[in-house]
Amino acid sequence: MSAQAAPVLNARGLSKVYGNLVALADADFAVRPGEVRALIGSNGAGKSTLVKILTGAIVPTGGRVEIGGEPVPLGDPLGMIRRGVACIYQHSNLAPAMSVLDNIFLGRQPTGRFGIVDTRRQRREAAALLARHGIEIALDAPVGTLPTVKQKEVEILKALALDARVILMDEPTAWLASADVARLHATIRALRQRGVAIVYISHVLDEIFAVCDTVTIMRDGRVVAESQLAETDRAQVVQLMVGETLARETVAAARQQRRPRGTGEIRLRVRDLGRRGVFGGVSFDLHAGEILCLTGLIGSKRTELVRCIFGSDRFDAGTIEIDGRAVSPRSPVEGIASGIGFVPEDRHREGLMLDMTVTDNLVMATLDRHRRGPLLSLAGMARAGRRAIDDLSVRPPGGGTAVKLLSGGNQQKVLVGKWLALGPRILILDEPTVGVDIGAKAEIYAILRREREKGAAILMVSSDLEEVMTVADRIGVMVSGRLSAVHDAGSVGMDEIVREIGGGTP
Amino acid sequence: MTTDRSKGRRDFLKAVAIGSTAVAGAAAGMFGTPGLPATGFGVTRARAEGTRYRMAFIQWQPHTVPAAWSKGIEEVLTPQQVIDYELLDGQNKVEVQVSLMDTLISQGASVIFLQPIDSVALAPSIAKAKRAGISVITLNIDATEPHASHVEMNHYYGAMDIAKAMGDAMGGKGKVAILNAPPGIIIRDQRTNGFVEGMKQHHPGIQIVADQVADWDRKKAQDVLNTILAANPDLGGAYGVNDSMALGAVDVAKEKGLLGKFVVFGNDGETAALESIEAGELTGTQYTDVYQQGRLAAAAATVLATGGVEAGAFAQQSRLLMPYVIATKANAGSIQPSQRW
Amino acid sequence: MTAPADRRGTVRARPAPMRHLAPNALPVAMAVAVAVFALLEPAFLSIDNLVGIARQVAIVGIMAVCMTFVIMTGGVDLSVGPVLALAGLAAFFALDGGHPLPVVLLAGLAVGAAVGLANGLTVAVLQLPPIIVTLAMLSIARGTALIVGGPEQHLIRNEPAYSFIGTGSVLGLPFSVYVFAAVAGLMILVQRRTPLGLLVAAIGDNERAAYLSGHRIRITKTVVYVICGTGAALAGIIQSSQVHTALATYGPFGTELDVIAAVVLGGTSIMGGNGSVARTVLGVFFLGILNNGMNILNVPIDIQLIAKGAIIVVALSVAARRA
Amino acid sequence: MTIRFASAALVLFFAATIAFFSVSAPRFATASTVENLMSSFSFVAILAMGQAFPLLVRGIDLSIGAIVGLVGMVVFDLSLIFQVPGWIILPAALLVGTAAGALNGALVVCLRLQPFIATLATLAAYRGLTYAVSGRQLVPGLTTTPIRDPWIVGIETYLDVGRWTGLSTFVNMPWLPLSFVIMLGVFVVLQAALSSTRFGRDVYATGGNHEAARLAGIPIGTVTVCAYSISGFCAAIAALIMVARFTTATEALGTGMELSSIAAAVIGGVSLAGGVGAMFGPAVGAFLLGTILIGLTLQGVPQFVQQIITGAILLAAVGYDRLLWLRRERRPAAGAGPA
């Protein structure tokens, strides 16, 4: 499109630092009217941070943002919205008890005298909107009662109703069925016709090549490349996205150490596991002393799968055997009892007690071991904590510091350490390196390999292909609720995997 | 407290007269009450006709005094076999009392015993009751709306007499503290004002150094008096606006070994208080035979219910004024066990 | 509750407002209060009065210390008032039945534990809002107390052993103060040295994570309410022994709010999360000092209430600012 | 959204209760009982509706009862001490109540205090203020002087609707208390504000998804303050009705009302989690509680047992709401039609 037109949104030298984690480093980002710009990069590459700055949710440590050539105050969500920057967030941004209609017009209902809402006009506009974008939805249904897909549509409608100049879409298709994706893309093209600038954040290369004009590729908090998609091909993009950031020897080391099927002893056997409406027919074996990585798109139900194995969710079909014993854990308590450790995806929501100390968090899963009669042996806990801190080289090394003061990487190490303390026979990790700086990543990989050597069976969910290629002994690809294939890591190339992942959404 | 003193006394004599005859009459089931047209054989007739009367007592909140009243009332009503009686709880809330009044009115009670939380607040409901032909008998707190009858142990004059007795006990000089109730119920105001007024009149030499709220509560009274004593080590006495608080003061005096030296007066005269007096701990309290007061009210009620007197007819209500004594070690012994509540 | 449900980092890191209160604002406020009272009325600092303060806060103190865990788990217990009354009555009837002291105490405490258990199960298992559950329990327990005890005062006469609990004194300190100290000490120990204490903190901090760490959340929550009920019962026993009376209307409306105020002043967020028993004790004494000081200065009740409200607001908003 | 499943069930339960007492309780189904119900619980309903607003924005107002006391005492003073004419007193009273509510809101918004704590503090403060300004203490003589101002006492009048409509020729119609009419008025206005004004949308949004509301540019602070002001305003109206009914005000007026109003609101399906509820439920909830109290009294059930039953019903109400919620959780996809 009009690549020469002046950028409507222009960010220069943005950076954001949490504690000692650099989430975003001197990033430039611009998008022009009528341009659909893909923003891609593995998890924790800094995309969400950039988005948060552009929506005003957070204040950058440095840098400036111009809209239509005007420099704008940062950290002011309303200002951004008023200036025409709308965002469709990954998480729901709706008032569940309110009707679709009210959500679309949230905070800006057309009003007549005495602030009486002009519902007729509201309906008219909404109807027009629906017609224009060919979306079917019951305007009076409370959003809370709608399925997630529909809720996404409401979010999109909300943004569209703002007739924004720039729309940021953060993983807009993560929860959409392929048909809906196609429709969304149609919508996007329509918007492009009307000169709206769109920032399209996604992991799905197919989608990107299908709908985007240009691409900005980020890695580890930096913008590593910008280009016209017309002039690039998948391989290049993936290459840029994945990069060679890990020191070659680490990768090399990792690769030659690969031990598909570990000791050969089957630790975990999953057969036709399913949960109605979520995933189904999943079968695989996990051996002692191997690392099996489940990769796929966000929303391909990998998390849901491993939750069921751990016991925090229920499955309603298939069987799970551990060491040949059939189990059906109905709660984490039982999962742990059968030797499973589980590092959840969102360490803040589900993993750590942020206000509590490193030691407390480290012993959280193994309290009973530190009981002396009715009391806890603080000394014992401290010792255990100290040992873990040294093994995992947590920085700062103080066991008494509150976890929330640690960097993402160290927080993650603490979370992993909590489960290692259990000496799990099976360790499940869900996106263990999201938002973790590169150094910590390497350390975590090292830890995992060490556990593998000790004979633990490790099941890891990751969307970061580079990571998968580095640590996996075997790779399973999940596509919309099905385990499409399991490869020996050695015998499969990244592009192949990429294709399989993308292959999920034709 | 609106009436002047002498009248109060006269009412008091009249009251005793009415009261005793009424009790006698009620017990015998026959009537001849001055001031009321003699209909004769009210209860007997009722029994014959099989008519039943509904009576209820709305108390301000569960407490020893209304409980004793209720006992006394039942003593008189039960043997007559034609009266259904129930005790209702005002939860120390005006609105609850008013609502209960309405309920009783629509229920068609024939007499309502009422211990109003406030003289004015209940007046409209009393008027309503009268319109509905229901006689209302107020206990201890009079209402601004004239009604059938008011049976009271006067708080204002009682408190004045307490002030006098207390001053005498303290030799007319020294410092005293008031352990008070939280505002919101009229008894509190009447007693406090009476006490203050009494001290002014009889013992201007005595100084009220503290007036603190102890929520009717013995424990709070202990705490509060403890504190007050710290500030005024030379405190000579304390007046508890009810006996529980007075007994709290006694507890403190005991603990500090001030027994005998420290003058404590209470109000109401419940059993615990009398015992404490006899034990030489509590100096005195305003005692009334509350059972008797209940009986008196019940007797009057019977008359009103069965005597065929139109409730609306009470332009000028009868005031049955209970005799009270300031019970001290000297006279407490003369109070019969059967009179203790 | 207003923390936006956003992604990694930013806002969730905001500490619960109350947290910073305890270490600085509260002691400062206490010091100021003490200084003011002492200046206006030297007798405030007399040994007698200080002992008096300790004795006065004992009952609310015990309840507050025992409610801290409940509030840390994001709950609240409005039913402590009637429980206090019920326990007193239970103890009285046990005494009346001529049972030995241990049985008597057990009877009292059992009542509290039972009510607590009912609260806990309803909150933890049925997951109903604590404020409503305990509000309902407030009127249920009060009703029961009035049915059981009636309006009469049940005098507890010549029961030296029982009376000692509330009125006896050891080495010049009232026994009830020792009880308070013991309970406080015990709860501090529980918080710092037992799995329960750690677990309560964990639940308040991040219930989901605690669950995923393989802990039985429901049991813990129930236990916490049982502790609270038992604490209220103990308070009831002490009170009934202090006033030689058991009465169904003891622990009137407002008791529960005093207790909650003490806990919150102690720096525990009413929304749950970070909290500390030790700091609750501070909060208890702060309120105790305010009451005592204003009584000793013979401040009229109206000013007392206004001042109390204002001071709570100031103290806590200072804390909120710090956060 | 205005009338949810919960509310529908509530109405059924209400009807059932009335039916039950009509057959079981002597003299329950009479005009006078209906009058009693309307005049004794209209102000509770108003308080419940007021309380609903703080709850809707995920707050709570524990001071609502204390505000009733304060306003009552202000009316008492103005009328009896300063002899101010009623037509001035009425607006003044409403003003005081609203201001007190606004202060609550300000504490919550500006000082970032937990609503529970902020209003707990003002609960004490307002009650203290009531004592401080109490004309009963300042001028003891007034304790026995009823308020006679027609403007105020006029609130406690009964309208013989029966005769106007001529219905009373067929049935014994209850007279309609003005307070009930006022309650209806408040209901209509507030419900309209909630369901059809911009403000109402903002209230639901603020309570339903705080972050979304903020990002949507809704002035959350203002909305919150308004919510608390409304609760204060309702408290003032309730106070006026009570004063008119009692022709006086005591320092203890409104004690415990905070809890009963919360109870009524929650029974009426207002969620403590915010964003869910309407005016209809709380109003019905208040009258439901009233019906039960009156009915049980007429049945001769002891007061103490009544307390227990009331508590049980409160539990049942929240339990039922929980049940609905669980059911909705079970099948998130379903129910995607208009609710």
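Some notes on this structure:
By letter and in written order, the chains are A, B, C and D; residue numbering begins at 1 in each of them.
Just so it is clear, a residue touches a chain if its C-beta (ideal position, glycine included) is under 8 Å from a C-beta of that chain, and two chains touch if they have at least 3 such contacts.
Keep in mind the model is a prediction, meaning the values are calculated, not measured.
Summed over C-beta pairs in contact, the chain pair with the top total is C-D. Each chain gets a centre from the mean of its Cα atoms; the one farthest from the centre of chain A is B. Chain A and chain D have Cα centroids lying 47 Å from one another.
Rounded to whole angstrom, the centroid-to-centroid distance between chain B and chain D, based on C-alpha atoms, equals 35 Å. The distance from the centre of chain A to the centre of chain B, each centre being the mean of the chain's C-alpha atoms, comes to 75 Å.
For chain A, the set of residues that touch two or more other chains is empty.
Of all residues in chain B, those touching 2 or more other chains are 89, 182-183, listed in ascending order.
Contact with two or more other chains is made by residues 5-6, 146, 300-301 of chain C. All chain pairs that count as touching, in label order, are A-C, A-D, B-C, B-D, C-D. Only residues 1, 196-202, 204-205, 208-209, 211-218, 275-276, 328, 332-339 of chain D touch chain A when the two sit together in their complex. Of all residues in chain B, those touching chain C in their complex are 61-64, 66-67, 89, 182-183, 209-213, 215, 217-219, 222-224, 226-231, 233, 244, 247-248, 251, 255, 270-272. Across the complex, chain A meets chain D through its residues 55, 77-78, 81-82, 92-99, 102, 105-109, 111, 114-117, 119, 138, 140-142, 144-148, 150, 277.
Interface residues of chain A facing chain C in the complex, by the touch rule stated above, are 18, 23, 48, 52, 57-58, 90-91, 312, 332-333, 335-336, 342, 344, 348-356, 360, 364-365, 367-368, 371, 374-376, 378, 404, 408, 418, 434-435. The touching residues of chain C, when paired with chain A in their complex, are 5-10, 12-13, 15-16, 19, 189, 192-195, 198-199, 201-202, 205-206, 208-216, 273-274.
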